[in-house]
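Listed below are the structures to be examined.
Each of the next two complexes has subunit A plus one other chain: subunit B in the first, subunit C in the second.
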Partner chain A sequence: MVADLFYYFIYPGFLFTAVVGGLIAGVDRKITARVQFRKGPPVLQPFYDFFKLLLVKETILPAKGSKITFLLAPVFAVFGASASAVLIMLPLLGIDAGFRGDVIVVFYLLTIPSLSYIIGALASGNPLAAIGGSREMKLIVSYEFTFILIIAGIILKAESSTSLYRIIEVQQTGNAFIGTASGVLLFIAAMFCIQAKLGLVPFDMGEAETEIGGGAFIEYSGSAYALIKLTKYMLFFTLPALIILFFMGGVQLTGIHILWSALKLIAVILLITLIRNTNPRLKTGQAMRFFLIWMNLFVIVAIVLSYLGY
Partner chain B sequence: MGFKDFCFKKSLWLFHFGGASCNNCDIEILDCLTSRYDVERFGMKLVGSPRHADVLLVNGSINKRDKKRLLEVYNQLAKPVLVVAIGACGCTGGIFAEGITFAGPVDKIIPVDVYIPGCPPKPEAILAGIVKLLNKK
Partner chain C sequence: MDEAGYIILLPIVVGVILFIFPDKVKIVKGLITLIISLLTSFFAIRLYQTESTIVDLSIFSGLIAKDSLLYESISGIGTYCQLNIDPLSQLITLGISFFAVIISIYSITNITKEKKLYHFFPFFLITLGCAIGAVLSDNLILFLIFWGILGFTLYKLIKGYDEESSAAAKKTLILIGASDSVMIIGIALIGMIADTYNMSELNISTSTGIGIMAFLTLLVGSFTKAGAFPFHTWIPDYTKKAPAPSSAYLPASLDKLLGIYLLARLCTDIFTLNQWLSLIILTLGVTTIIIAVLLALIQHDYKRLLGFHAVSQVGYMVVGFGLGTPLGIAAGLFHMLNHALYKSGLFLSAGSVYQQTGKSDLDELGGLSKSMPLTFIAALVFALSISGIPPLNGFASKWMIYQGIIDFGKQPGIANQLWIIWLALAVIGSALTLASFIKFITGIFMGRRNPELESVKEVNILMLIPKIILALICISFGAFATGYFVPEIFFPVVGKFEFVGVWQSSFISLLVVLSVILGLLIYLSGNIKNFRTADSFVGGEKWEEKAAFPVTGFYDTIRNAKVLKTIYDKAEKGWFDIYLLTKHLVLSSNKVLSKVHTGVLTDYAIWIFAGLSIMLIIYLSV
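For the complex of A and B:
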């Protein structure tokens, strides 16, 4: 019991993910600044932002709208992010806790943050938030199908096992999935899904500061907004970790392998940051077409390839 | 300086209110965000919603129509919040001070923490003002 709580709250769950995720978000902002020839904020900037929002700022409730739903939505988002973080990190770090969550559970838990953003946005009663929420909803509808196809591909490659432990085992005894042609195709599609799940450019139309002033989050302030930021930081670590788990054979925490693991994480983060810095924001229709037609075709080709053994 | 104050000063998010400006000050404010001056070094960034803002940048002369809106924006901000009046128009009214629609400089309507004069102030002057703001409390 105590061990379970420790896993959930401290390592490798809530606290660990939040701290590493915050650092990753800081590095992301630093790289972004470098790409734009700026100096950029300090790497600890996400922590300053978080504590400022949590401790200093006042939380304003919408006058018209459901206040309780509005306040509970970020809490659920944090819950979803930390639950999925535990279930992804335990197998990734090779800790064997009693419950062996599988890919399907992780898939569902990962949708909780986006869904709660939408619920919070609609509860605020702000028209711009409603626009942001509906855009986010359309985005979810389009990328989740691709995501589940990718998971199907992974399951096929992992000898029809849905267990995350098994997926890592198959890769560590054989080759990492990214080493095959179908693996590369799945990896590319997965990177775009991750980008959409993180709500980063080119798929940030739900937030779109310059267009709809923060979209789904426009009404959030103070500690409620701090929780949303926290969710984003946690996902910024969890989702790249999921990519490493799916395609790069997980990590090993012994000797020189630690370096390799860190390099894998850095490579994925760098890729995400570069995609977000070299693309414009897509329109919702374009993003839907991108996922529903092109990415799905891509993944189906990959699945057929992997079925044929490539 | 406590931990709270430290975090607040390290992460000031800006919201930009342009009154009846000639648009020059707006451009100079945007200059501060570019790679040459880069206020993100201090953890500042421009946000799109008054709910997220810690600093309200006001420029341009405030006329009778703007006054209501400025007050409304100020009331919508999550407190604590700092207000910076930018440009001669924001500080005193500048060349518009004697116009018939002029409704008083910014500090007659809402409390102002820092004044940055100039028509328009150079980005360096705005940065200097921001440093003053950081050292103020």
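For the complex of A and C:
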């Protein structure tokens, strides 16, 4: 019990994910700046941002909204991110704890942050936040279908097991799933899904800074916004980790394998950053079509291929 | 075994007596109803603790003189009045009496405010007695009698005050009545095959044509009662027009319990299913989920929106039973209980909002979370439960259904090979449910408050208690799902089974609590005390006081998407409504037949003469 609480709060749950996630967010900003021929902020900038928001900045609450819901929503977002993080990281890092959850549980826990953003946005009573919230919800509806199909494909490849440990084990005794044709297709679709889950360009219509002034987050400031930032950093580590778990055979923390593990993470993050820096924002309808038609088609082809043994 | 008799007869007898009380003393009638419901619950708990047996109700024979004609004629009644007390019927009986108590507390003040709704409480009690009677009876004919009365009381619990509500009531009566008559055929077929009407003695294989026919006809009854596609269309109309307690009592809880009870009996006791029937049931299940939730997404009227969800959720239970594994059946039953909990809670919340505001359109509401905080919190718990957000109870049962589907996929068979389809559609149904409940919660409780609604107050304590109890049960069913409730409640019913995946409900619930504390600590460590409130920032524009983004526009992109638009348009014209389709068919065939009625006497004489000659020819040729 105490060990499980340690896993959840310190390592590899809340604190660990937040620190690594913050670093990843810093690297992401650095790369983005390089792509745009700028120098960019220091890598530790996300931490400065977080503590500035939490400790220094004043918090402005919406006069017309329901304030308690508005303030509690980010707390639940942090819960969703930490719970999914710990359930993904434990098998990924090979820690055999009594505390586990299967892939369906992880799937559902990962929707909690987005849902909390939406509820918080709508509780603020701001019409632009409502626009952002409704866009975010439509995006969720479109990518969830692709995402569950990807998970079904993974379950199929992992010999009908829903255990994350088993998924890694199957890949480490055989080949990583990305080594097959169906695995590549699933990987591509999964990359777009996590891009949408992270709310990054081209799927950032929910916040759309330049268009609806931050959309779902327009009313957030100070401490509450710090928690939202924290959730985003955590997801920036958790979701790439999930990709590594699903497709690249997880990580091993012995000898030369540490280097490989780090390279896997860097590769996934580089891919995310490059997609976000080389694409324009899609309209909601376009994004829905992209997932509901093209990505689903991709995944269905992949599932048929994996039935045939490719 | 006296409880079994009391629990059925007591509510019915008191219900009939209550008819003679005038409607002016509604509160007294409400209190009597509450007391009887409590007594019934007490008996239900006693009944839950007894061993499972078959009870022969030959109590009538003692009342009548031995050598009278009446005695001769009813001496065989014992075989027809056989009651079956087993874990399944005990569980459902307990559920029914629990919901009766919860809803009668709510009704005491709510119904007295409803005008023109006569005899609510008598029919409420008769419904209670008949529902329990239907669940406990082992004999199919006795079962059918109770089941038939339930269709009628359902009709009487909605008031016909305008054309639309009368039409809704009529539609309900016709659909339920038609399904009952289809069931009579099924029961007759069973009598033909098996030579007995007692469910406990039946075990019919579905390899013969007659067996399949009997199964399908009874399935129609179950689907109509529970509200599964394609016999679901009475539910949204009913819930839109009926008073909230009626919606919460019948379509949301009792009819689900009964319909799914019948489905459980059909799939586990009376018939053994073949794989094609599994395929049909699963297909109907996922179709129910998707069609109903897509229609719920575009509703403007929140009671109707809830009605569509009362349909959509049935799909999950049907999927659970279609799987046929112990895990699947337990998941279906668990989802049935959970659904009854949160859906009756949602209807009660909707009823509270309607009573306080008098508005049923989402566009006209908004910002009520400040005026009705407790109703808001309860409704939020129910909405998150129904959307399957961990760690609430809706997630626990949906998770079991998903596990059941994945496990089911390991077996060979046609339906098994398609497991990915069942899984994906069930999950996307849950995401769409979340989407439409975002609309529900936002439209009523969040956003900007309509200036007309400034004076809205919270409902009284009698209407709050039921919702709070239901919300607490939703939370605890979720928190202790896999560790306590599922083994305790469902292992006796379906037998012991292993979970396929891992969901540590209690520990994750504890983590939720700890995370909230952690979040609050982060807030307190920060600069939160230094806050101010300000009006919304809308890019520096000066917006009108009433300016808001209406929630009904949330999903217009989905409404107007290419393929979906045609489906929605067809659905709004009633293309998927079996009632309207039948109506059109009957009316158009009547039109043809009415051409014969020219009103000219000689024509009629010719018809009569022609008919006579045809009969004569047939008679002579045989």
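Definition applied: the second predicted complex is superposed on the first by the 310 of 310 C-alpha atoms of A that agree within 3 Å, B and C clash if a C-alpha of one lies under 4 Å from a C-alpha of the other, contacts with A are read in each partner's own complex, and residues count from 1 in each chain.
Following the convention adopted for this analysis, a contact is a pair of C-beta atoms (placed from the backbone, for glycine too) under 8 Å apart; a residue touches a chain by one contact, two chains touch by 3 or more.
The shown structure was predicted, so the numbers you read here are calculated from the model rather than taken from an experiment.
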{"item": "Three-chain arrangement built on subunit A, subunit B and subunit C clash or fit", "value": "fit"}
{"item": "Partner chain(s) touched by A:L55 [first = subunit B, second = subunit C, both, neither]", "value": "both"}
{"item": "Partner chain in contact with A:N277 - subunit B first, subunit C second, else both or neither", "value": "neither"}
{"item": "Partner chain in contact with A:Q45 - subunit B first, subunit C second, else both or neither", "value": "first"}
{"item": "Which of subunit B and subunit C A:Q252 touches, first, second, both or neither", "value": "neither"}
{"item": "First (subunit B), second (subunit C), both or neither touched by A:G222", "value": "both"}
{"item": "Subunit B versus subunit C as contact partner of A:Y8, first or second or both or neither", "value": "second"}
{"item": "Greater residue coverage of subunit A in the superposed arrangement, subunit B or subunit C", "value": "C"}
{"item": "Contacts of A:K64 with subunit B and subunit C, given as first, second, both or neither", "value": "second"}
{"item": "First, second, both or neither for A:V141, with subunit B first and subunit C second", "value": "second"}
{"item": "Touched partner set for A:T210, first subunit B, second subunit C, both or neither", "value": "first"}
{"item": "Shortest span in Å between Cα atoms of subunit B and of subunit C, once chain A is used as the common reference", "value": "6"}
{"item": "Common ground on subunit A, meaning residues reached by subunit C in one complex and by subunit B in the other", "value": "55-60, 212-213, 218-219, 222"}
{"item": "Partner subunit A, residues of subunit B touching it in the complex", "value": "3-4, 6-8, 10-11, 35, 38, 40-43, 46-49, 51-52, 54, 76, 78-80"}
{"item": "Subunit C-facing residues of subunit A, complex", "value": "4-5, 8-9, 14, 54-67, 69, 71-72, 74-76, 78-79, 82-83, 99-105, 107-109, 111-112, 115, 118-119, 122-131, 133-134, 137-138, 140-141, 144-145, 148-149, 152-153, 155-156, 160, 162-163, 212-213, 218-219, 222-224, 226-227, 284-285, 288, 303"}
{"item": "Of subunit C, residues touching subunit A in the complex", "value": "367, 369-370, 376, 388-390, 395, 399, 402-403, 406-407, 409-410, 419-420, 423-424, 427-428, 431-432, 434-435, 438, 441-442, 445-449, 500-504, 507-508, 511-512, 514-516, 518-520, 522-523, 525-528, 530-539, 543, 547-549, 551, 553-555, 557-558, 561"}
{"item": "Touching residues (chain side subunit A, partner subunit B) in the complex", "value": "29, 33, 36-42, 45, 48-49, 51-52, 55-60, 209-210, 212-214, 217-222, 225"}
